[in-house]
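Take a look at the structure set out below.
The first chain written gets the first letter, and so on, giving A, B, C, D and E; residue counts start at 1 in each chain.
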Amino acid sequence: MSLLNHHPYLEINDVNKQFIVDDQIVPALSAIQLAIQAGEFVSIVGSSGCGKSTLLRIVAGLECDYQGTVTLDGKRIVGPGLDRGIVFQEHRLLPWMTVTENITLGLTESDPERKKQIAQTYIELVGLAGFESAFPNQLSGGMSQRVAIARALVNKPQLLLLDEPFGALDALTKIQLQQEILRIWQSEKTTMMLVTHDIDEAIYLGDRVVVMSKRPGMIKSIIPVNLPRPRNRTSYQFFEIKKAIYREFFHEDEASLEYVI
Amino acid sequence: MSLLNHHPYLEINDVNKQFIVDDQIVPALSAIQLAIQAGEFVSIVGSSGCGKSTLLRIVAGLECDYQGTVTLDGKRIVGPGLDRGIVFQEHRLLPWMTVTENITLGLTESDPERKKQIAQTYIELVGLAGFESAFPNQLSGGMSQRVAIARALVNKPQLLLLDEPFGALDALTKIQLQQEILRIWQSEKTTMMLVTHDIDEAIYLGDRVVVMSKRPGMIKSIIPVNLPRPRNRTSYQFFEIKKAIYREFFHEDEASLEYVI
Amino acid sequence: GSNASKSNETNAPATEGNAKEVRLAYVPLPHYSPLLIAKQNGWIEESLKPLNVNVKWNSFSIGPLVSESFAAGGQDVGVMGDFPAIIGRSANVDTRIVGITSTSPQSLALVVPKNSSITSPADLKGKKVATTKGSYGQYLLSQLLESKGLTVNDIKFIHMSMDDVKSALLTGDIDAGVIWDPLLTILEDQNAIRIIADGTGYYQGIAVMIADHKFAAANPKVVTAILAAYERGAQFIKSNPTEAKDLVAKEVKIPPAQLAKIIDRFNYQPAITPEITEELKKSEAFMAKNQIIKNSVDIDKFVDKSYFLLQ
Amino acid sequence: MSLHLGKGTAPKVRRYPKNNQTFTWQQFILPIVLLIIWQMFFELGLIRSIVLPPPSTVMKTIGELLQNGQLFKHLGFSLIRVLEGFSLAVLFGLTLGIAMGLFRNVYLWLDMLIQVLRPIPPIAWIPLAILWFGIDEMSKIFIIFLGAFFPILINVIEGISQTDHKFVEVAKVLEISRLKFTSKIVLPGALPSIMTGLRVGLGFSWMCVVAAELIAGTEGIGYMIMDARQLAQTDVVLVGMLTIGITGKCFDYMLKALERKLLRWKTTYQGA
Amino acid sequence: MSLHLGKGTAPKVRRYPKNNQTFTWQQFILPIVLLIIWQMFFELGLIRSIVLPPPSTVMKTIGELLQNGQLFKHLGFSLIRVLEGFSLAVLFGLTLGIAMGLFRNVYLWLDMLIQVLRPIPPIAWIPLAILWFGIDEMSKIFIIFLGAFFPILINVIEGISQTDHKFVEVAKVLEISRLKFTSKIVLPGALPSIMTGLRVGLGFSWMCVVAAELIAGTEGIGYMIMDARQLAQTDVVLVGMLTIGITGKCFDYMLKALERKLLRWKTTYQGA
């Protein structure tokens, strides 16, 4: 099967993962099968607690105790690496470092002048100019989240794992950052995995939208978004895809579906 | 002016608040003027870092160093109290307590049997049955947030301050909890202040939507939502209000507005 | 009850025979062998029984600690070297020397490591010599130096506790030291040191029995009974040397062979002879001169022979 | 800068594994190697037995002291004293530490006094201990108490001051009682620090046994050591040191086990 | 259960205020009251001067010892020893603590040895100290070092083990070097605990001065105390204790100031 070296960039193969909570087994992921091509933008949606973060953590190399295989570029993932960046669901800023220090934490650049410059670029990108020397406890929730995004972007990873990166942002800031992420994706050819609860966002950004079902987290369906970019959030096709996803999501609850759409 | 004892339940009077960041003054709130009647549901929207959380913290009695006055039931707020509940922007669960223990932390009920019963009710309300004995580090982001909501609800405060309570929840769970909050609001006659980035949510829940402007946080406009409940998220009037709010929000950026609506 | 007299002033109004208990401080060292024998045989309890007085034995590892306990009002009768006794009295602790427990000029000595080239106190000039400051070792050292026309300023005097003098001697950190029994005999037996000179002709090495003055004045018979038991122990050592040594060995953790040797060096003679009083006066003068004591002590008043006369 | 974290390895953070504290072979290598070197020094004639007896002699002495019951007798006395002194220190250290950590005023009033008393050596307290408590057990326990009290106190205060202010705010908003605040929020958070205080304090109470048993009496490991020193029985001194060391280690082990039990909820960093 | 938190009061959590550590009047009340009571006990004839001289006598003695320069001479010697011993303890305690905290294997190999050595009293080390370092400064510094080393070590290890595993994950994901991981993530997080270790260790190095200065020589506050004890000069003993206490407090003050500086970013809970 593999005489040709033509495997996908990231291949998640029959991954199962359990947790022990209160001496009982809680299945978190079940038979996850997903192949992502280099440069692809994959959105993941699913209900709270269905295992989205766990999946990202496995790809990031932070969870090693699972069944199945995950390969990146044909090699099994055995730990974290600079080729993958992650924005955690919580911001995880170091409280004793300023915004600039937090952002440059993982920067391999050693020239301090250049370092500062890079940091400044990203601080402006996430709209935090003026807060370079602020400590995390002096930032609002959304500002902290933006620093975390900048920290993940700064090293230009090949694969970027985003766990609800815009969850605490207002609509305007969110849209601006979505544009930035798209710009980076296009210019750097980064592969993206985005977990989000905002289905508009999932469609607007993703090449495909992975819909996960509730415990144990399984892939219910994968919906391709074959729309040209820049996408129009108000277009009819967009609305159709949205409806399809919501239907997957709410299939037990048509009433709610109506509320939303 | 006050021969009649007819003041609003919560009165925020010309509140100004500054922070010192890196030896520079950062204005967070400026000339905030807001009166909320008992039993009213007020939504607050505004861009990231505009001072929404700070405003809630002032009302909660956690920030005391500000200019202006805030009165509750005619009395100045000098500290936190059980009459006000708050769901913080971060979940703030105690890592050494199980879900049940976290929820019953503030419960004044002393009978352990009754206590457990109440906890169970709210655990089911937020859809966490089965996780009663789980520790916070065993929960997903959205699950933690739901525990935090349950913790604030359990004491039935008269004024409930919600700081992006549904931010980490998927659409379905969010809708369910919105319904629950509405039910509680109606049956308990709780006064509600809800900070959110989801404008649909702000309109769906609020009697009025307060739109705040960027630094220094000021009230740009207050938009009444005179729609009967249960509201229809897809109705024309709903859409009109949404548009009005977005316009306030994005008034510099008509292009973005188009994206969203 | 004298037990309540921790806060020291309370045993003041004691009148004859009203003490229910005597707090007796002892040190399990060969200097006090007769007392140890008396303890083993229950002689003191025996002689105090008619007086209806109990004995509370309090053990201390060294004499200065006994002196400290007296100062805190914790003891009625106790044993220690003459130096701690005089120091205590000089600090206004109201005690009296009621008897002599032992003298033994041979039990303290100036010693050097086995292979040292030093053969006489005269060779000490410029050398590092260690002993415990304010002890009778310092006195002997001073006497030995004086006999060769030297003073402390001619040597490098180092203050150390006994146990540390041993380590320092063996590692060669010091050139000589003044040590006393039981360490002296133990090191001698281990062939680790050489004796240059002992106290013979210089200093007798006196250990004394002291009593709280108020207690003694109020309960003279108790003190006398203890002294009598002590004398009985001293006699026993003379008449039954082997048996006596076995009894002492039960209190003192010195290997039997060495213990026998050490005991033989001691002269257990409870009587306070004029000769010993003179010795004590010389010690006192030395201490005053070297500022070991601030206030001088009138030895004639400090020594109280009356309890012997009672016998 | 080339040493990288976790590249190609399993994650280095785990919950306290159940077998975390059982003895592993690595722990014993170094002590055994040191013992062998020490013995070799002796065999080669580099150290005289009277200065530092070799492990073989120490072993023999241990055997003797075990046989004649001396070791257990002395250990028993010291054990009880340490337990009593340490328990008192825990009692007072925790109570006062909590009071000082929770109430700014208590802290202000007591801090100066405590900081001045703290560095005063246990030995220097002996005369006062005798004055206040006589020469019996009480004064010994007092000295041991002093050794353990201060590290516990300081660590409790520090632990409390580390209470996450986010949780303090939660407590204030929920208006929970001071009692509950202390027991449910402050203490669990301060627990790691408190346990460190207990462990350091316990170590010091064993240290103070020697000073304490200088006071009077003829029992206890401390007495045994000082007595043996006086009699130049270096082997017995070493046995005493070893006994204190091993007993101390056992106690420490128990405290660590307790800590593990109490901090089940916690993920600790255990190094690579 | 009726004591409520923060009802009607200003928030109890603040950042380290700049004047947090300046001396406030409350701090001095209790010591002064105790001094007065103590003097009154003497005036009423309840305690004899030989047992516990009153503050007035102690004051006079302080005056004398200051005038003849004795106090400063002794203090100077001890000060240098403490600084040297403590510095060594900081050096070794930090290095070894970091190594043991970061590398599971180093921990496993050394733990047993260290835990056994830890409770052994400084006094018991004296013969070995003399053997290894002679009777001069080195052996004294070694004894002081021992006193400070263990609390520093234990607190460093504990502090490191408290490293938030969320930050460990961040470090792993960013693949930052071990050096950076240690200096930027582990140590800042462990700093409060490390500072506590330093403070407890410094306190103990002052405690060990007495044991250290038992070794030999005729200088140092510890020698002064032990000498005065032997000569029944209780007032001098008290002056010595007081000197150690006050000097120790001053050092502690400096460490706290340093802590405040280093932990500027941190909000600590200061009690109600």
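Here, a residue touches a chain if its C-beta (ideal position, glycine included) is under 8 Å from a C-beta of that chain, and two chains touch if they have at least 3 such contacts.
This is a predicted model, so every value here is computed, not measured.
Ranked by distance of CA centroids from chain B, the top chain is C. Summed over C-beta pairs in contact, the chain pair with the top total is D-E. If you average the CA atoms of chain A and of chain B, the two centres end up 27 Å from each other. Annotation: 39 Å between the Cα-based centres of chain C and chain E.
Annotation: 85 Å between the Cα-based centres of chain A and chain C. Looking at chain C, one finds that residues 7, 68, 71-72, 163, 167, 171 touch two or more other chains. Among the residues of chain E, those in touch with two or more other chains are 5-7, 11, 47, 51, 127, 131, 169, 172, 175-176, 180, 229, 234, 267.
Multi-chain contact residues of chain B, defined as those touching 2 or more other chains: 61-62, 79-81, 90.
Contacts from chain E toward chain C in the complex involve residues 45-51, 126-127, 130-131, 134-135, 214-218, 223, 227, 229-234. Across the complex, chain E meets chain A through its residues 166-167, 169-170, 172-176, 180, 184-185, 188-189, 265-267. Those residues of chain C whose C-beta lies close enough to touch chain E in the complex are 7-9, 64, 67-68, 71-73, 84, 87-88, 90-93, 130, 133-134, 158-161, 163-164, 167-168, 171, 173-174, 292-294. Every residue of chain A that touches chain B in the complex is listed here, in rising order: 19, 21-22, 45-49, 52-53, 89-90, 98, 131-134, 138-143, 146, 163-164, 167-176, 197, 199, 232-234, 246, 249-250, 253, 256, 258-261. Residue ranges on chain C touching chain D, taken from their complex, read 6-7, 25, 28, 58-62, 65, 68-69, 71-72, 74, 162-163, 166-167, 170-171, 182-183, 186-187, 190, 192, 253-254.
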